[in-house]
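Working notes, structure below.
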Amino acid sequence: MTMIFGVPMAVFMGQLTLGLVNGAFYALLSLGLAVIFGLLKIVNFAHGAQYMLGAFAALLGFRYLGINYWLALVLVPLVIGGLGMLVERFLLRRIAHLDHLYGLLLTFGLALIFEGTLVNLFGVSGARYATPEILQGGLNLGFMFLPTYRAWVLVAALTMCLFTWFMIERTRLGAYLRAGTENSQLMQAFGVNVPLMITLTYGFGVGLAAFAGVLAAPLYPVSPTMGSSLLIVVFAVVVIGGMGSILGAILTGLGMGIIEGLTKVYYPEAANTVIFLVMILVLMLRPAGLFGKEA
Amino acid sequence: ASTAHADISDNEVRIGYLADMSGTYRDLAGPGGLTALEMAIADFGGSVNGSPIVVFSADDRNSADVGANTVREWIDQRNVDMVAGLVASSVTIAVTKVLEENNSLGLVSGSAASSVTNEHCTPNHIHWVYDTYPLANGTAKAVVEQGGDSWFLLTADYAFGHALEADVTSVVEASGGEIVGGVRHPFPTSDFSSYILQAQGSGAKIVGLANAGADTVNAITTASQFGLTQSGQQLAGLLIFLNDVHALGLEATQNLLLTTGWYWDMDDQAREWSERYFEKVGRMPTMVQAGIYSSTMHYLKAVEAAGTDDPEIVRAQMAEEPINDFFARNGRIREDGRMVHDMYLAQVKTPEESTGEWDLYEILSTIPAEEAYRPLSESQCKLVQN
Amino acid sequence: MTDSHVLKAPSVVAKRQRRANLRRNAFYLALIALGLVAPFIAYPVFLMKILCFALFACAFNLLLGYAGLLSFGHAAFLATGGYTTGYLLASYPGLTPELGIIAGTLVATLLGVLFGVLSIRRQGIYFAMVTLALAQLMFFVFIQSPFTGGEDGLHGVPRGELFGFISLRSNMAMYYFVFTIFLFGYALIQRTVHSPFGQVLKAIRENEPRAISLGYNVDAYKLVAFVISAALAGLAGSTKTVVFQLASLTDAHWHMSGEVILMTLLGGVGTLLGPIMGAGLVVSLQHILSQSPLGNWVSVMLGLIFVVCVLSFRSGIVGELGAIYRKNFK
Amino acid sequence: MMTANAVATEPTARYQSREMLRVKDLHAFYGESHILHGVNFDVRQGELVTLLGRNGAGRSTTLKAMMNMVGRRTGSIVISGQETLSMKPHHIPRLGIGYCPEERGIFASLDVHENLLLPPTVSSGGMSLDEIYAMFPNLYERRKSQGTRLSGGEQQMLAMARILRTGARILLLDEITEGLAPVIVQKLGEVLMLLKARGMTIVLVEQNFRFAAPLADRHFVMDHGQIVEEISAVQLPTRREHLNSMLGV
Amino acid sequence: MSAPTISTGPVLETRGLTKEFRGFTAVDDVNLSVQEGHIHALIGPNGAGKTTVFNLLTKFLPPTRGEIMYRGKPITSLKSNQIARLGLVRSFQISAVFAHMTALENVRVALQRQLGTSFHFWKSEKSLDHLNERALALLEEVGLREYADTLTVEMPYGRKRALEVATTLALDPVMMLLDEPTQGMGAEDVDRIVALIKRVSAGRTVLMVEHNLSVVSRLCDQITVLARGAVLAEGDYQSVSNNPLVREAYMGSDAAEERASA
């Protein structure tokens, strides 16, 4: 069969496809992070944990309340997002005026708390979450067998990304948010209720993470540590894309998925590292990331 | 008794339980292991020749230096006589170095690396439950014999994975199979889809998992999502434990072949103990948790018999006695510190076959103690003359 | 022009400063005394761990607190120092510990130069991320290269004889050696901060373009600060390895870079004592909790404490104390 | 306020017209430092008053205090009949106030056009975009470029222009001529006249007395966080010397 | 490539200096020539490109095209800090001070540079104390003596500008580039600064951007008017202020009044 760079065409295509799927995941997660950082300048270290909470909420909701996948896809982001708002309202707001580092520290602390608690409650070996019937089985793309669910993840994630991008880059609300984060005092002097806006935004960002969590539940074992391993990669994605650039986060997410996918074929040992290599190269050439505005 | 008393340091037998209490291996040993240890002490009567048995426990958080420091402090500050548990190989190796330096004693139950009693062996620790050699051997041999003669290996890219990979490769080739391909994935990896795809591309009959813990779990999950088994390939888990299978569910793991040192349901003795354990913990014991009980019990008996908790004497005494309890059959402690005992080839039941949450394995055959482990003739251990 | 503070005659201020200096010196003497008697009260190895991390945190704080640079890759220097020293001492039995430590520190310093050159031009979070990325590459190197023992780590490092004749096998001897190293490192930082160089650093932190327009090559200054910090972090790592006789990936993992940030923030950024307090607190916590029945709740406890600290002792323990102090004595 | 609209356009009606703004015994603090020590003044519908004074006299702080942008405040600030001391910052502008800060506060993350559209309209009757662009052609030219990339003066124009859109009836303007070319300053003078004619109430903090003099109905001179002098336009010719001495000219 | 120049000639010269921002030309083929010892004003409507010219001269922005000559030698390729070391020191339009340092320290940081010990992280701060005297003198000069130990944040705006001038002076520059030194100042501050600039310009060259025409008329020997990035007119105050183009583009009708008041 035809070979590309020394691997069978089929495998190559397969890797591209899978890369795209994972990419969509990164995109969704880094999007939430970008929204929160870009708009609130909060380095949300709890993002991984909130993603994990999303997955757990779906799992437990199913176990104890019989909430099915589709319902979870809607409810969980709302619930966890709501939780996020509480966090913002009662914790983050109190340190908003301080150096952003403190936000990082606080969310990091929260991450430890969430994770540690769940570890003690459920252990770490991770539980399974059944794939909904409709999405079971797979599609034969000719060059590979693609589980239907992964195809769905791709679609769902991208839709969500585009929606968010539009909300923030193309609407008046978005403009308020961007301005509010730059000089909230002045925005208030214009009559905008900035605190409320910030709470909602944080909630939304967290909601995105939770949404990703629910999407992930059927893919990976649902375990308290599922988030922390992902967090740092997602950070890298946001940075490469250019902090606060929504579009950057999305495109970079997809791109990194693909690059990582190919690395897994040509130099698998470096699969977890390649993204950092990319990050260094990018920041060497474009100090504010691929899509970031230079200050 | 007072004479015997004299030889028990500070008139207490002090045992330190060091394990990953909160991380990846929590369910393998963790708090359950501590319970098993306490059961052993209780069953033994709580004291040796009138000297009470005291337990300290700590979480090594899978970090070599946390582990080593904890043990160093136990020895410096509390004169701990024996350290039990010991899971992550990196921690174990670090700890055993400390034990050797301070001439103390360690009973390793959790670690997988066969190097623990090979290049890293010391006169101060005993490796109790299992190691990679029999796991790889048992499984690989059996699989090849059943016709699975072409292999693709998914290897965790670190020392331990490499060792496992080497073991398997030699066994597979020795028994007439061949390795048609493989990939070394970073440790840890959460998404295996790409590797599974490569495995599918390789056309090998068997996909061997030369990794552990979460990696194995993730690999198996992904494999089932990509219909690996449907497409005629079979998985061989080289290092998979009861808690993994339990977590993964039979749907994903059915028919998986694996080698184990013990299974709670393997006979009446085992069942009887496991029921008691279940009462306390609410989960069935893993082989590691059972091994912790077994090794502790053997240790206490030796202390009693020797009338002292002096490590060297106790170590010798333990080696004297063959081990035959609910856990180990035909067990004996070799000079390299390896406790060899019968191992078992098991197959994961299908959901249909399974009668309960914990009814997971079917034992296919027994691998005799003397064949199971790496022969001393191949040993690089400094304690072995050859 | 009017406000009360404006009318203060410089001399008054000067006097107050002098008094403050006196008080500070007395305070330091007290601390040193404490350091000297400590091993008779507490477990030396534990104290040494605190000292190593305290030095590490101080090194980090020099960068964050006084050059305004948040490095998220300092673990790389800790680990590089550790591995180098560990490897040398383990494989060349003749080598004395102090030489091993010096070697480790040097290598870390070189790495610092390399990292610095690559990252120093980046601003804020981007700087943090470049350093993180570089550190991750180092992690990869460590995990791949055989001499580190990969996952298993590097074990059996001999403590050896200091200068070839003082045995460090006894914890006491080791402790005083470590304490000396710590004092050296701390004094160096202390001096750096209150040096002409320190003044320029401060200026740069306050207003970079202005500093440039005054003719300062700001990147060079940042780089020097970065390298000093890296060197001291390396020193901490090397020392740690000699103390615990092992080097492992834990020191290279990004969690370690995170931990040092936590220590520093907890203690108080830009305060000279803060990092020490922070390190002490974090290390003790992990230590105490991991041995208590609450063992499994270590991370939860730590998390709680961080949250509480951020909410109630914003400027870190030392910062808070300082504030209280100013309130009552001004 | 709409009702007042009609009245105000009739200049002579000004002095009988109702009070828009009354500041009584206003104290303000930045953390520890006590900046305003009991400021008292009032502004009537359609009036333009200036706050003069040396640097650091507390004029900007007075405006900030009215917008609830300083640390702590005591006293009373009544805006078109409502006590605002206890109001949340974002409710105050909705009383029809537009604030143009000393440091301009142009948003880097928005382009000029977005900056212009940013402040929510607080009432109808604001200027249209075309009017504004006609008034400040530079801004039209640069409308696509990032807000903070504008020249110092352009930023000043933008800061002024954007509050004209909101339909605010009370304008608090801090040093709006700062760094502007004489032509523009002249233009701004005309603009203020126009706004006055439209019955807007304006508080103007100025250093450039020559600019302020012909526009203002009354001048308040501040020093050390207090109003030390009130001079009406009528008295101005006679009091000029005195005023100059106070301003240290 | 550098043209020969006589020592009494221009200190600073630009040839076809141009700066484009994504298509928009902020500075358009400017040939500037500042004579030794002059106080040279750069005026022009807002957005004319004055600050940008400053940024180009001090290399805070790289020119798109054109050359910059200092004493006849091209300095187009130097870095900002190297320019400063040549003795070309700038101030900023939006005031630039070290906010959390005292006024004294602000000035001292500038003085410190010539010491050449600025990299000595092993020396004590005290090694700088002998600079205090000079620093206080400079503060005295700009009337900030009593602010010596005040943190700069707490100083009123006008005072910050004065402090900035003092800091610039500390470098004993050959040439000072002042971007709107009197901006946002009360009348009495303005006069102080004007007097100050007059005083310190002795033996120095000054290039300043200024909107306050009375200041310009009082101080400047030579004036260059920029409009839309290009040079609109050059000459002394009289000729420039009478130039109808300039009146139309910049001064407006009350320029006469301005001049009168000067």
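By written order: A, B, C, D and E. Residues from 1 in each chain.
In this section, contacts are C-beta pairs under 8 Å (C-beta built on N, C-alpha and C of every residue); 3 or more make two chains touch, one makes a residue touch a chain.
Please read these numbers as outputs of a predicted model, since none were measured by experiment.
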Completion exercise
When A-C and A-D are ranked by contacting C-beta pairs, first comes A-C
Completion exercise
The chain whose C-alpha centroid lies farthest from that of chain E is chain B
Handout entry: Longest centre-to-centre distance from chain D, chain (CA-based)
Key = B
Exercise for the section: With chain centres taken as the means of their Cα atoms, state the distance from chain A to chain E in Å. Expected result: 49
Handout entry: Distance between the centres, which are taken as Cα means, of chain D and chain B, whole angstrom
Key = 78
Completion exercise
Separation of the C-alpha centres, chain C versus chain D, in whole Å, is 51
Problem - Residues of chain B touching at least two other chains - result: 22, 26, 157
Problem - Numbers and ranges of chain A residues touching at least 2 other chains - result: 116, 119-120, 269-270, 272-273, 295
Exercise for the section: Give me the residues of chain E that touch two or more other chains. Expected result: 154, 156, 159
Handout entry: chain C contact footprint on chain B (complex, rising order)
Key = 21-22, 26, 31, 56-59, 61, 63-66, 68-70, 72-73, 76-77, 89-90, 93-94, 97, 113, 115, 157-160, 187
Handout entry: chain B residues touching chain A - in the complex, by the definition given at the top
Key = 22-24, 26-27, 157, 183-186, 188-191, 193-195, 197-198, 200-201, 214, 217-218, 221, 225-227, 231, 243-244, 246-249, 251-252
Practice task
Sort out for me which residues of chain C touch chain B in the complex.
Solution key: 43, 45-46, 49, 143, 149-153, 155-156, 171, 244-246, 248, 250-251, 286, 290-291, 295-296, 298-299
Practice task
Sort out for me which residues of chain A touch chain C in the complex.
Solution key: 37, 43, 91, 94-95, 98-99, 101-102, 104-106, 108-117, 119-120, 232, 235-236, 239, 243, 269-270, 272-273, 276-277, 279-280, 283-284, 287-289, 295
Completion exercise
Within their complex, chain C touches chain A through residues 70, 118, 121-123, 125-126, 129-130, 132-134, 136-137, 139-140, 144, 254, 258, 261-262, 265-266, 269, 296-300, 302-307, 309-311, 314
